[in-house]
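Each of the two complexes below includes subunit A, the first together with subunit B, the second together with subunit C.
For the complex of A and B:
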């Protein structure tokens, strides 16, 4: 059963997306977990979280991006340039961070050189970096602007009723993911971190109704079964975006299990529900701006630390792995203070800097994980 | 960090350095030349700055005064705020808060100490800040994180939406030192009712934050006085910038640095006004005589720096340009986009510019909010580089206006926002007829690329592009 999730998490143009396209459906990709899927779902468009998985070269990306840039947007541009995102009808870029923000510029420029690289709908979605009342007002307007652009480009109308329906379906998915999270955090771990990540990744590509149904079956299967993981060190994974199941598998090895995370391809993606009353656009804006806390929301370190501590306690975490992609200064620096404060609270931490993309540094990371696990045994 | 660096507070050391430097010309020329021999790592900067006469003296005194204000803030019952170069300090002066602008302090130390700020840069990494972050803040931040400077009361910045690595340094400082934090957050569009409303609402929240920190309200009269002085400075800067457009450019190469440094240090304060008036006297006189500001009196080429300068030890960039008879035509830092600015009028871009209206408190706050949203980098690096009012449009328009022969990009490897698109940007400037050089050096850390290498890259570029034999 879990294989279905793995297939969707490792293949860009997976079975579900293929079927969607065969049925004449539209697909819009987006770069960051601050983009409300519900807007697209309500327009019968498949929202698809963009990833750089499968990139093997950087020749196209390096023609546009400078050298001191995170490899995630570079891989993404590379794939777009190679035509691997041929199934996209649109893309939404957010200022998640500066590297990702500049994907907007570089992708448009790549589109001038290779027309097939750029989807016909291309939208810059300006997400504020703070949660003041005027920032929320801005974000509500921005979400309406996105809605209007989708309606115009795809010649559809998105009604409040459709939005309520989509919010309900996505909330259901979030609740299911939270149930899976509880199984993962339990004393007898019911699902490995690698499998749990595969499920979350699948949720970003599979039409949500089908995903909910698949996940319901998986949860039922896990709950009915007796396979449990025990006797391993319980780890938490924190930091930069990670959509690589193999990285989690590498971390877990034979001696550890990742029982919790605070990642945007993880708990941050499904934590918190959208309110289901009042103006649906305002409700979406509120949930996505307020409840998606990552270091791009500058000045809220203490809030994020308390989220981490609560989760560490709930999941009985033995140690925390704080990772960042090279040039991801936001997570990299915050990891530095997390390390200071968590270690002071008696929680062992390890910081890793890595590259996004194919695991070219497996040996180095494995050796450091082994050393960390040795420390946890003492 | 080396033990000896903790012997004295680092900001106190820089203050004393500049106090001593300000007295160098108090005696005879012979005394100066004898004294300068004892300062092998400071000599170039002294010669360069003092070489321009009265404004040089004023500038060094001004830097010394800036540090003096930092050192004695606590004794005088004032609060201190660490902040960034692209945040106008005018509001701090209006509220009697002492700004400590990290990048300016980094330049002051980087330019005058042999090892620059290397130890403090590295100290940041020791305590968890990433090595890939921007060196302009790290150079000074490390000293404050190590507790080797005055006490910081608050952290204020305005780069969210513009430059992650900039704001991240301030967010890190706030979390690490456990100090109150406020950010002005910039939307991607500069103009239009929606952005203007956002800028102004955000700025009012800033004032409320600052008032809470100091425990008293903003004095309308004081703000009016400061903004009236800012306007005066805008008019002086406008004339200086207009002179720069002449062929030959009558301003010496260092003038541009002094103009923006003066403004970053003392916007709205008479110290900056005096400096600008003094610069203008020389500029006008050179223009009257149709004389180039270069030492040789001969202008061979006109260079436009589209981003920032190179502040390595001894200010050698300016020396190199002067030596190669290249007149300097500004960079992103020297353009404040006031409605008085020559370029705003000449380019018919008044929509991009701010206006100062001193009628009442509301108009004053709106004015300073607009001013702040037009600060260097804040104005033009916030949106897509090729969008209206943004970096490419500004660069091309200014380079054309100044009749530049070439464009140079210089920054730091930490500058994610420009390295994210400088290649297509440079392709566009080239397409528009400007030979463009992308430098890979670090403006604040010469360990990344030695100055000799940087200089040779500039020379090679000019030769390969047949701009200079």
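For the complex of A and C:
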């Protein structure tokens, strides 16, 4: 059953998206976990989290970005330039970080040079960096601007009723993912970190109702089964966006299991529900701005540290791996502070820097993981 | 009890055989294309020297980048743990170890048993590694063994603007073309290497005593420059070639594992 999730997590144009398109459905890609899926779902559009899976070259991306920048937005642009996102009817880019902000410029420019690279709907969705009253007010307006743009371009009307319905469906998915999380961090681990990541990745591409149904079946199967992972070192994975199941598999090897994470393709993606009363757009803006603990947000380091500590305790984590994609300033710098503070609290940490994309540094990463696990053996 | 350690690195492969925690044979060879071939070759040479066969060895630990490909080992252990264990055994007061190998460099703080408390390694880059020195020595036409001695004879060491091995080559060629002496260029190369390593080492919080392992520990110019940069003397390993510390640690860990198994 888990294979269905793995297929969706490793294939851009997977079976579910193909079926959606065959049935005449529209697909809008987005780059960041601050984009509310519900706006698109309410418009009967499939929201699709963009990933760089399958990028093997950088010739197009290098031309627009240059070499000294995070490889995640570069992979996205490369795939766009190669026409691999041919199934997209639209794309939304956010200033999740400076590199992603630049993706907006580079993608638009690439669209001038390669017509097929740019979807007909292309929207820059600004997200504030502070969680103050005035920034929420502004973000609500920005979310309404996104809603209006979707309505205009796709000739649809998004009613409050439809938004409530979508919020309910996505909240159900979040609750199911949280149930899976509980199975993952239990004393007898019921699902590996690699499989758990595959499930989360699948949730970013499969139509949510189908996903909820699949996940419900998976949870039932896991709960009914007796396969449990024990006797391994329990790790937590923190840092830059990781959508590579193979990286988690490499980290886990035969001696470890990733029982918790704080990643945007992970727990941060499904943590916290959207309020289901009042103005639905305001409720969406509030959840996405306030409950998404990314270092892009100013002045909330202590809050993020306490989230890590709470998860470490709940999942009985033996050690924390703080990883960042090369040139990721946000996570690269915050990982250093996390390391200082977690080590001071007696929690062993290890930092690794990696490239996004095809996993080519396995030897170097494996050596560090082995040494870290040996350190935890004491 | 006879134990062994086999360290298959990117540039060299090393084997150490120990009897009751005393080194009875050691060998270093240039690594071949396949780690398994390197391991078999270097271990056969060490066995020959010790007048033993593989069956005499009770437990063998493999380490280095090729550790998982070594066919005859009982267990694989990371080179970080092996260097730590080996260094502490060779110098019992050591608390910090800097290892510069062929393609990476590492700094580690260790406890009294030689176990890792904290470690850091370089990123995917040749600067600050033995490969950097090898490339530079070739350009200025001196042997790797002689490169370290150039620092002592330099009068005005050059400053390398680039930490990158590729760009540093261009800098060195420019200095050669300008007629700068090999001594001053060599000293600049050694200083650049030490400077890169100091940044890494300072990251883990150094504690005395400090020692260096790996082939670069034999480069007097780098060691002396590093001492100045860190403001701390670096203890010299004299009992064995510093390049062999990982293999020594592997053989010691092999002994630890046998003892633990026997005790349990």
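Simple rule for what comes next: the second predicted complex is superposed on the first by the 378 of 378 C-alpha atoms of A that agree within 3 Å, B and C clash if a C-alpha of one lies under 4 Å from a C-alpha of the other, contacts with A are read in each partner's own complex, and residues count from 1 in each chain.
Simple rule for what comes next: a contact is a pair of C-beta atoms (placed from the backbone, for glycine too) under 8 Å apart; a residue touches a chain by one contact, two chains touch by 3 or more.
Just so it is clear, the structure is predicted and the values come from calculations on it, not from any experiment.
Q: Is A:138 in contact with subunit B, with subunit C, with both, or with neither (first, second, both, neither)?
A: In the superposed model, A:138 contacts subunit B only, not subunit C.
Q: Output check: A:371 vs subunit B and subunit C. Expected answer is one of first, second, both, neither. What do you get?
A: Only subunit C is touched by A:371; subunit B is not.
Q: Going by the contact rule set out at the top, does A:101 touch subunit B (first), subunit C (second), both, or neither?
A: After superposing on A, A:101 lies in contact with subunit B but is clear of subunit C.
Q: See if subunit A has more residues touched by subunit B or by subunit C, and give me that chain.
A: Counting residues of subunit A touched by each partner, the higher count goes to B.
Q: Residues of subunit A that sit at the subunit B interface in one complex and at the subunit C interface in the other, please.
A: 326, 351
Q: Give the list of subunit A residues in touch with subunit C in this complex.
A: Subunit A reaches subunit C through residues 326, 343, 350-351, 353, 361, 363-364, 367-368, 370-371, 374-375, 378.
Q: Along subunit B, where are the residues that touch subunit A in the complex?
A: 127-130, 132-133, 160-161, 163-165, 167-168, 170-172, 174-176, 181-183, 185, 187-189, 194, 197-198, 201-202, 205, 384-386, 413-424, 440
Q: In their complex, what parts of subunit A are in touch with subunit B?
A: Residues 63-70, 95, 97-99, 101-106, 108-109, 124, 126, 128-130, 132, 134-135, 138, 141, 295-296, 298-299, 301-302, 324, 326-327, 329-330, 332-337, 339-340, 351 of subunit A touch subunit B in their complex.
Q: So in the complex, which bits of subunit C are touching subunit A?
A: Residue positions touching the partner: 65, 76-81, 104, 115-121, 123-124.
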